[in-house]
Amino acid sequence: MSVQPEQLNVTTLGPRQLKSPLPMSTLVGDGVANFVPDDMRILLNPEFQAGEFPTGPSLGTRAQDTRAQDVLAFELAGPRESIFFDPARTRAAIVTCGGLCPGMNNVIRSLVFELEHNYGIDEILGIRYGYQGLNPNQGKAPRKLTADGVDPIHHFGGTILGTSRGPQAPTTVVDTLQREKIDILFCIGGDGTQRGAHKIAAEIAQRDLPIAIVGIPKTIDNDIKYCWRTFGFVTAVAEAEKAIDRAHVEAKAVRGGIGLVKLMGREAGFITAAAALASGETNFALIPEVPFELQGPDGFLAKLQRRMERRDHAVVVVAEGAGQHLLTSPEETHDASGNRQLADIGPFLKQQIGKHFAAQSMPVKVIYFDPSYHIRSVPAGAADSLFCDQLARQAAHAAMAGKTDLLIGLWFNQLTHVPLAISTGVSKRLSSESQLWNAVLSLTGQERGGW
Amino acid sequence: MSVQPEQLNVTTLGPRQLKSPLPMSTLVGDGVANFVPDDMRILLNPEFQAGEFPTGPSLGTRAQDTRAQDVLAFELAGPRESIFFDPARTRAAIVTCGGLCPGMNNVIRSLVFELEHNYGIDEILGIRYGYQGLNPNQGKAPRKLTADGVDPIHHFGGTILGTSRGPQAPTTVVDTLQREKIDILFCIGGDGTQRGAHKIAAEIAQRDLPIAIVGIPKTIDNDIKYCWRTFGFVTAVAEAEKAIDRAHVEAKAVRGGIGLVKLMGREAGFITAAAALASGETNFALIPEVPFELQGPDGFLAKLQRRMERRDHAVVVVAEGAGQHLLTSPEETHDASGNRQLADIGPFLKQQIGKHFAAQSMPVKVIYFDPSYHIRSVPAGAADSLFCDQLARQAAHAAMAGKTDLLIGLWFNQLTHVPLAISTGVSKRLSSESQLWNAVLSLTGQERGGW
Amino acid sequence: MSVQPEQLNVTTLGPRQLKSPLPMSTLVGDGVANFVPDDMRILLNPEFQAGEFPTGPSLGTRAQDTRAQDVLAFELAGPRESIFFDPARTRAAIVTCGGLCPGMNNVIRSLVFELEHNYGIDEILGIRYGYQGLNPNQGKAPRKLTADGVDPIHHFGGTILGTSRGPQAPTTVVDTLQREKIDILFCIGGDGTQRGAHKIAAEIAQRDLPIAIVGIPKTIDNDIKYCWRTFGFVTAVAEAEKAIDRAHVEAKAVRGGIGLVKLMGREAGFITAAAALASGETNFALIPEVPFELQGPDGFLAKLQRRMERRDHAVVVVAEGAGQHLLTSPEETHDASGNRQLADIGPFLKQQIGKHFAAQSMPVKVIYFDPSYHIRSVPAGAADSLFCDQLARQAAHAAMAGKTDLLIGLWFNQLTHVPLAISTGVSKRLSSESQLWNAVLSLTGQERGGW
Amino acid sequence: MSVQPEQLNVTTLGPRQLKSPLPMSTLVGDGVANFVPDDMRILLNPEFQAGEFPTGPSLGTRAQDTRAQDVLAFELAGPRESIFFDPARTRAAIVTCGGLCPGMNNVIRSLVFELEHNYGIDEILGIRYGYQGLNPNQGKAPRKLTADGVDPIHHFGGTILGTSRGPQAPTTVVDTLQREKIDILFCIGGDGTQRGAHKIAAEIAQRDLPIAIVGIPKTIDNDIKYCWRTFGFVTAVAEAEKAIDRAHVEAKAVRGGIGLVKLMGREAGFITAAAALASGETNFALIPEVPFELQGPDGFLAKLQRRMERRDHAVVVVAEGAGQHLLTSPEETHDASGNRQLADIGPFLKQQIGKHFAAQSMPVKVIYFDPSYHIRSVPAGAADSLFCDQLARQAAHAAMAGKTDLLIGLWFNQLTHVPLAISTGVSKRLSSESQLWNAVLSLTGQERGGW
């Protein structure tokens, strides 16, 4: 990683002259929960090989030469003792963008709860249908959010605010923020949304306004950098696992049954890998990060054939972004969020499998599952509900402390402040050399034709 | 923490002269998953306050004086390039002990899969009904385990091997291991089980036998030290959340409704805290680590009354080990696992609440839930299924490499090798100063009578 | 059955001079849904033994002597072509009483939908907290219900109106109905509620008022007469099945494991029988209708012992009202709904089992489940959602047609109008000679010690 | 219905000279479950209009002229006191055919349980992969089934026996039955399977063999005649409801959102209607029995547009067999089961909706769900588990009594014996004049553009 220490520094509005209203202490040992000091950090890389220490990658240099500011480390999230915004006069707004993801309503709810219950903020607006709602020419008017009003929403999938794809001009957005007297904008969305948030923050900085922009990363693909896990991911894996289980049932119920499941994962195979492992019943997992060939003695089809000859059924899970090089490339197009349009690997693979086995005179039946919509619209499971609550409350703390142009990240299980500038624009990938991918290979035995 | 660096060192049988049969590499960058070097570590404490670095708690001393062996750090789990046991001649055994916990069958399954599929071990025994099965006078004979045989077991709660509480004499156990020619024993169980495992390892060391003892921590309470999370915990939280949701429905459906839910947590409030947060509908959470009084103006009953006056319904979640000081103490007794028998806080609290409000002439109806058995016997959810697979495979790798007298821990999200000597005998607790507990207070507002 | 034909006649307010606004026809064959004629009937007993026909029980007499009015038959529910109440001037009210049952919110929702959407009624009141809400000295004021307002409520268990136990004086209630200008009262509740509704209807008749009282039977025990199935029952069985499954997991996981599950069923064993069958994993089912002895060679304990000797684990399911004769009878008391207080068979059985096996020196472990609250507070499953919708719409049709003093029954799968006078006061039971009970015996083999 | 009374008569092998081993009685009132007499009947039509009785449709003629044998009535299922097959020498076989349906494993399990546990039959074969398994040239050898072996299978979807489509020559099948000494064949399958069973029964009759053929109807579409409900249907509706709920979430989350869900239902709209009602969130339900036009002022698209103008989101549920007349008809083809290949209404409708609103310059987003595979492969829910048990046990009773060439039907909630000759070849449909369809129209308001 070529990131420099100073790139991990977070922008803070200031000066911060108000005392937090939260009933916390700065004293360790008094039994009262602690404010988190502003200079609390977690190392970017706490792993090292014993021989190398203390000159390992986490320190970047020999320790004896190290000053704290030279160390690669993230700022820890958490409530700050001194805050920037006066709760009595602060107006916050929340916007949700992009595709659905389990937990969006949980995040909205916990933001409102934290701001109203604990900070005592009365003015919270819900922006309607994504960034469109910040463009008066396109959007519907915001709705007022209250703790009572959002009380039951976490039982529902989707987002009560509505969502849309695509950015709005930063100048338009900041005009709206100024006109509506919005002091804090929470942006719940994926990479495109956070890039948009970064541009909004830049425009705010340009105008020198005391407005905080705080991102909460939302990507069901789990592919945002410096976020070990994003909300909705665990729920998505649980739903994806169900589809794999069903594919397994179908595959075993007929002679030559091949259950083929396409899962989310445009650039990253995390859902595919995790669901394959969680189900425990996958024989082949195909992900964008690990290219594969169809043909030839080591190609996927030959391996699948070996599995079928031995077991007469198989389950194949493929991420939507896998094997794109195999598909006749249409001219490259993008959706409103700026995502590259993918060719559809699912039906292609179904057809290729059919063709291959027909040529071998081995009758197979491919049962194809495309469960993406079934997955992304469910309410958050317990693990994500808990995680969303934590993300939202830390986002509220960050914003109240005047932190801006950042998102709430997760690093080695600790919530952090990550500058938008370094987290956006390039996605996290699943390394083929990682223990996670090795676990997939161990489970499936796919390199050897499946167990 | 007063642990010393050398206490984190793991015992390894040796010499290791065999090459692992796993198709992995030692080369970073070749696209092939990597063996984990034996000297790979993760810092015990990668967090620091900037001003303090590099003399923070993670390093224990000024960095310029630091040598690698002086640093507090855990050995990372993972497949080793050189192994101790010859797969062709190795006989492994698996034992499950203590109370049920979601995921036990997943762990068994993945152990068998990894040993048979990837290492090529043919001889795997399932010990019946806990440590009893290693005592020929008490136990049923072991059953042979195969990958095909364990294929569907993860769809079921419980453990196919059966379980029991309580230890067996280490000499008896080691006699059995020798007689049955068992080279590796995987011990799936809680603190008592791991203490037993440690004594077995000591007896093995005493006899100088090449037998590996590898623990996989199982505690639905999530209270084993150096394990940030144990398997089954997330599933338990999800089930506990359902009980809280139902208590909420009941409480709202009648005038003066108080839903009271007792959850697991003998010494630690993790399930209670996490389920309270996940449900988002808890007004009071009571845990063993945070003592509380019933009476007085700041007592629980007065706070509950303030909530009832304002909202006319409430949800109270209490860990089984909370408030023990309030209960008329029976003489202290212990169960077969050595756990202290607790007095039952649930019915006590129900009665006290009833009495209090009767004295106030405020009619309330307490609806009491005791869902522990409903929670612990379910199959693992997706997140735990995935986690169990990882734990089991790392346990297999550790054992094959000759690591012994250890358990597989989780530290800042990385799987580690933790010597049994330091992980057992004292349980992990939820600090009242932690962000997790602060989140509970933020959600519930319980210090102020509930939101 | 000693019911007389005229007892099945339903009271109707009249004259009915308005045409239904529903877009239906009276013509069979035009493809348009049909109004149901007022004289449409279903035989009380359409089963007969060939030799007996046509003098079988369904006809009550020799057919050649039969006139229609002499035949035992129920009026079929359904929309009527002519109605009594003018939608533009009608005010309806809904009250929910007694314990929670899955589907109450569905019934409320579909009542509001049918009345507002299809009949065009604007004035619909939700009475708060049961019959209390009709007593101005006790109750909270009613809330207005609209189709938009009730739209999401079926996703939640419980009742948005709140509930309470116990009756109010019919004179008080009718005073309230008159004062609030309520024309129709829908009473959702069990036997006590319907008895109350009957008394209210009697008071209305006494005062000669044009007010309709329509009951929708709610009994999770499924024990209301002339109702083959009541709403919530299928959902309750599904939840009860889960408890049995978990008891089975627990029982199999230890030596001598006995899973003991207490289910709802004060007077009737329907939930116990159905859940035992649905789970397929019950070895003994004990219900109120089939008395049993504990001791002796044919007693329950001896049979359970035979099962344990052969299989070493067992699952026992017991209805709360079973075996009451075995319990030291406290003086008979009743709850506010008039239900007899039962002694608690669950802990008693647990203790007796423990004692019995201790005396035999057979170590067993009884794992006891009491899931009633877990069961009754869940949202309705799909089958009940569908059923609740049908019940509610037929109740609306009945009321609009001026039918009163009746409840909506289910007879051989057809929805019917049942006079409250004959349906209340005596509960439906599960006959030990029925095919359903025989199925339980076939599954469990419990007469022979369990399979 | 033009069915004649004698067509409802069931073929019975005879003479029946054995006493049933079941511990039942013929005495009503002794508390012991009763054998069902062979001449027990349920009227085909127990409904009548009072004025018409007793000359209503159920009796077909004036009652005074009626003899029992002239009455349209089904034989009731149930255990018979005298049986045909000697359990000690009987070999039974089970075959599952056609597409997957929740509950197939439950039926297999309960058949084995009833035959082995209660009748004491030792020889039970599972035929592999449908009727193919009865053709020695195509099939895999049968597997022996035991109560212990099938114990856990109801927890899994699919069929442990495997399935296939298409018939085998009756002569081949009967040759196999004779060679394998199979006395009873249980055929679990849909209309094609039961037609096949009828032909096998005819060939058996031709050869005058004492072999019983008993069908258990399996159709997830619920379209088999004289079966008010078939197993798996309720589970399918519950799963379909989930898809509709998710479509609703998606539709509401974006501007102009239209959730479009295609469900099973080739010829019959039962799943669509029931799931629409169960979800309570459907705005348009389209079924094969109710033709519709797309274009024109009363066409579907105009109605959908009115809904969108008013509400900006909609949920449309369409049965796969709906609107086939709208699709460019490919040449008619059939699958191996003899089912007509349908053109795919789902994508067609998606495209037409898109085109229509584009022409109106109303931006909409159609989110399309095709959940059929997700639905049919799940394990049976509680209601179906219970129902499958009953169906299977009654099938066993029928077979043991020598009943043949029949299937187990459901008529007004009673299990019956239905001759295969009258139940096959023509499917059950959902009448547009029925209360069920009327309920759909009431809920959706679709005739008026949706509520």
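Per-chain numbering from 1; labels A, B, C and D assigned in written order.
Basically, a residue touches a chain if its C-beta (ideal position, glycine included) is under 8 Å from a C-beta of that chain, and two chains touch if they have at least 3 such contacts.
Predicted, not measured: the structure shown is a model, and the values here were computed from it.
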Least step count from chain B to chain D, where 1 means the two chains touch: 1
Higher-contact pair (C-beta pairs counted), A-D versus C-D: C-D
Approximate Å spacing (C-alpha centroids) for the pair chain C, chain D: 27
Interchain centroid distance [CA atoms averaged], chain A/chain D, Å: 44
Residue numbers of chain A (touch at least two other chains): 156
Interfacial residue positions of chain A with respect to chain B in the complex: 22-24, 28-34, 36-37, 39-43, 46-54, 58, 63-64, 66, 68-69, 71, 73, 76, 78-79, 106, 109-110, 113-114, 117-118, 147, 154, 228, 234, 237-238, 240-241, 274-275, 277-280, 290, 381-383, 385-386, 389-390, 393, 412-415, 432-435, 437-439, 441-443, 445, 447, 451
Of chain D, residues touching chain A in the complex: 100, 129, 132, 156-159, 162-164, 242-243, 246-247, 249-250, 252-255, 367-371, 373-374, 377-378
Complex contact set, residues of chain C against chain A: 152, 155-156
